[in-house]
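Look for chain A in each of the two complexes below; its partner is chain B in the first and chain C in the second.
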Partner chain A sequence: MSDHTATVESHFWRQISRTFVNWSLFRQIMSFVLFLVLWSIIVVAVDYFQQIPTPKAVFMALFELPFSVVFINMLKSFIRVLAGFFLGILLGFPIGVAIGYSKVAKSLIFPAFEMVRPIPPIAWIPATVLFFVHIESQIIFLTFYGAFFPVVYNTMGGISEVDIRLPRAAMSFGLNKRQMLWKVILPAAMPQIFTGMKLAMGITWILVVAAEMMANKGGMGYYVWYNHTVMDYPHVVLGMGIIGLCGAICSIGIAWIGNYFTRWQRIF
Partner chain B sequence: MSTSNQASEVIFNNVGKMAIFKKNQTVILKNCSFTVEPGKLTVLIGPSGCGKTTIINLIAGYERPDLGSVKMDGQPISGPNWERLVVFQETALYPWLSCYENVMFGPLSRKVMAKEKAHEETLKLLAKVGLEDFRDKYPSQLSGGMQRRAELARALINQPKVMLMDEPFRGLDAMTRQLMQEYYLKLFEETHASHVFVTSELDEAIILADNLLIMTNKPSKIQKTIEVDLPRPREWSMVTSKRYLEIKAEALELLHEEAVKASTTSGKVDVDLSGLLQTADSD
Partner chain C sequence: MSNANEEALDFVWQPPTIKSKIFSQTTILGAISILLVFVSWGLLVHFEVYRFVLFPSPAEVLEEGIAWVSTHVFWMDAGATTLRVLGGVLAAYIIAIPLGLMIGWKKIFSDLTFPTLELLRPIPAPAYLPLAILLLPWQEASVAFIPFIDAFFPVLLNTIVGVKMIDRDYFRAARCLGSSPKQIFWHVVLPGALPSISSGCAIGMGIGWMGAVVGEMITGKWGLGYRIWEAYILIQYPLIVNGMIAIGILGFGSSVLIRYLTVRLIPWRRAITDSLEESITK
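Here is the complex of A and B:
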């Protein structure tokens, strides 16, 4: 009998706890807290890691952050990323369409691309000096280069994988080639085209940080590197966090635009 | 008589068609001759993989015959055209367009109809296929049966002279399938186009057909044409009629022969291509 009351009672408390506490959210917050705790413990307990700033030190550094300096650097990085990204789309998208749409263009362009593509974009950093005199152009070229191939390859892939029945039906409906591209092929390839853009956005941030660290021309990469040279490590970590935040904002932005244009995919 | 003036006739004359599949040449059609009579519903039935879809593609103009000729109203078919529209296996609706936009797609792209006219026609057709409440839904929001009906509407608005149905009801559950057959029969009996319907279901074939064309295995040709003289409008209750059962028995026997042949020959036969070339008589 008492057993029975116990189960009823525990059931009751479970209900109460479920009503008033969002346990899933609680666990997600705990994940964050645990990360910070673990970080602190490692820094404090392990002698070897003593130089690493604690979360508290990083947080305190936030109050002495030179906001105007960081803002200018952030702006510079953003402009470089967006310039490279849009140049990558401007050039990569038409080329991707051409390769995906025309066999002649593919056999003409694709092999050369396949030769260049395996070179990691960062390996290009020294060589950019040969192409551009201005350091700003060198950085933007690198970000452009990082965005270019993901856009080309995903646009091409999206187009060549369109279900053949879709353009066939359109041929029967009497569409001309131009209509076929704009009304059938591109909408059908849109999801993968945006996949390429999301990838491109991530890569441009990697490249802009690497290039800025080399360049001495401002930007968040430079900010982090500069603080490293003066051994102000709380600001290094803070700078890393800000870069992560900027990258996340850009990714969310492009994902949001992509979702808007491919909203038919998510409605069931 | 007025109906036969509008409807078109398609004639296959000794058509030969090869395909290259994984670097192997295969003869799909050989000496394939038949006529799609104007305003009639011609059903093609045969073992799977026997080239039924190839016949649809040839009539639609997506492929050309290697030998012989495919003619519509005396003119060789030279390419895809709205006069010959395909309802594809599974759905080929444009997933980024709503049901309504899908139906409007043909006439608006060709600019043959004013927008208001196309709008009216679209609503009329959507009502006819029972989708007026779903006009703003995307294809992914429709059930399989609804998708098929939307696709029928998308084709019918162009007033094609020949409708090509490539196993359109495959993959639907039995109940939906029967409903779709009834829908389709009603639509066919109201329109004046010639229809070609490909299926591998015998009951579906007989209940729909005016002419039932039984195909052989690859290399395929028409083994026999059975005239299905059941009265129209067709009803499902006819499946128990004496005439229906006679036709079914005859068709079954022919199909069984082909099935036996198919199962006794290896799947990977090296086909002698010279045979195809010799029997060809050019025109």
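Here is the complex of A and C:
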């Protein structure tokens, strides 16, 4: 909303400043600065929040970060997330395609899924302990379970929302069922399939952190919780930042792969 | 053959009778599907396949479940968890919806806040738990903080997308007719974004349940999440399964409730979805 009462003179100066400075970018950078300043002020000014580390303390803690420990924990979390995620895709993608493609498969499988899905993956933690002996496989099962439903549902949704004119056109060109699936339906459903994968990735990170906090078997979630128990709060905040960074890297990676598979349209 | 017949029949469409609805392929296969889950669960337990030896059978779960629901403890737990979820998620609605509307509407506001929020978004909610314990004075609040964070970002992003999807012409028309920014906000921005906000709220509620269960498992003294964790430690396996079922039902119920309430707020959307559903079922 521009100011309609602007005088000619101020209009001139605004024109000049707009040519030489990218104000939007400047404001976006100011957003971070503002955040850090507000954070510092709140911590310093409010007595109750004394224990919360200031941005400066977090920054100083960066220099005494035990890099080898963090790296190993990061690697552990990454392996758990990616293992569960790929298992989820490996199983969820074909099932999603089957449900989306065939009405019989949908009415046979879908009600059972609808019954199980409302149970949040986290609530499966005690039950997974029953089925899997090793903590590693328990965590991987959880991440798998978290990734499974978003992949299935979005694959299904993507396929059932394909514009009906596309398969009809393909049919009149004489494509057989297999070509129809690979050349028409899957490419058309790709954007939503990748939306599902992005969602799945977010949920696997939530689950991995929660599971690691409880499991005492390393990983970034454990790192954060451990630092909480020894009251080393700057490192808690750093650990959170690192987890966020890992999650961001994963979702950027998916967006990147998704861009390749949906080259004809820029969605991500 | 049958396909062609069906298409031909489309022109003389008749409403399905109750009998044809009950005996349709979808309903029968659906019933088989649900039955299959319970039968295979029962069989796996009965024949003690792999680790199913430890697992309770459906009959056992049902029996224990009925006993559990009639106790005082169940209602305390369910009430505590529901209150935490509602507290956290409603707080997320109250903060995220106005914030999202402003971010979607005003470029300056978006520039000043959105980059920071994008920075915080990838951090999963459980990672906030140590800070929540430190930040908030009482434990109830620190457990409710997890559903708050979980629900916050889906609601925020859906609200922003909702505002951004509004046709620019509505803004132009409103300004042509001389409406003030306040009027534009109440008559264009808010109603235009409501459908998207509604779905964001339902998603937030679903994820909120997950957050509350995590929080309770790690720090709680009460609640369903704590109860199944305790059941696991005390090796009461039927209670674990019943707890999972209770969480599932409550979570699903609250999502449905939110969807119902928000759809009430947008009658014009209901008309659209109704007609869509009609055209699909036809």
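Here is the rule we go by: the second predicted complex is superposed on the first by the 246 of 268 C-alpha atoms of A that agree within 3 Å, B and C clash if a C-alpha of one lies under 4 Å from a C-alpha of the other, contacts with A are read in each partner's own complex, and residues count from 1 in each chain.
The criterion applied here is as follows: a residue touches a chain if its C-beta (ideal position, glycine included) is under 8 Å from a C-beta of that chain, and two chains touch if they have at least 3 such contacts.
In this text, all values refer to a predicted model and were calculated from it rather than measured experimentally.
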Who touches more of chain A, chain B or chain C? C
With the two structures laid over each other on chain A, which partner does A:11 touch: chain B (first), chain C (second), both, or neither? neither
Using the touch definition from the top, say if A:237 reaches chain B (first), chain C (second), both or neither. second
Is A:32 touching the first partner chain B, the second partner chain C, both, or neither of them? second
Pick one for A:165: touches chain B only (first), chain C only (second), both, or neither. first
Check whether A:174 is in contact with chain B, with chain C, with both or with neither, and answer first, second, both or neither. first
Kindly classify A:183 by the partners it touches after superposition: chain B alone (first), chain C alone (second), both, or neither? first
Considering the complex alone, what residue numbers of chain A touch chain B? 163, 165-166, 168-175, 179, 183-184, 187-188, 190, 262, 264-265, 267-268
Which residues of chain C touch chain A once you look at their complex with the stated criterion? 25-27, 29-34, 36-37, 50-51, 54-55, 106-108, 111-116, 119-131, 133-135, 137, 150, 181, 206, 209-210, 213-214, 217-218, 225, 228-229, 231-232, 237, 240-241, 243-245, 247-249, 251-252, 255
Chain B to chain A touching residues, read off their complex: 60-62, 79-82, 84-86, 88, 92, 94-97, 105-106, 109-110, 138, 140-141, 158
Given the complex, residues on chain A that touch chain C span 1, 24, 27-32, 34-35, 48-49, 51-52, 103-104, 107-112, 115-116, 118-127, 129-133, 202, 205-206, 209-210, 213-214, 220-221, 224-225, 227-228, 233, 236-237, 239-241, 243-245, 247-248, 251
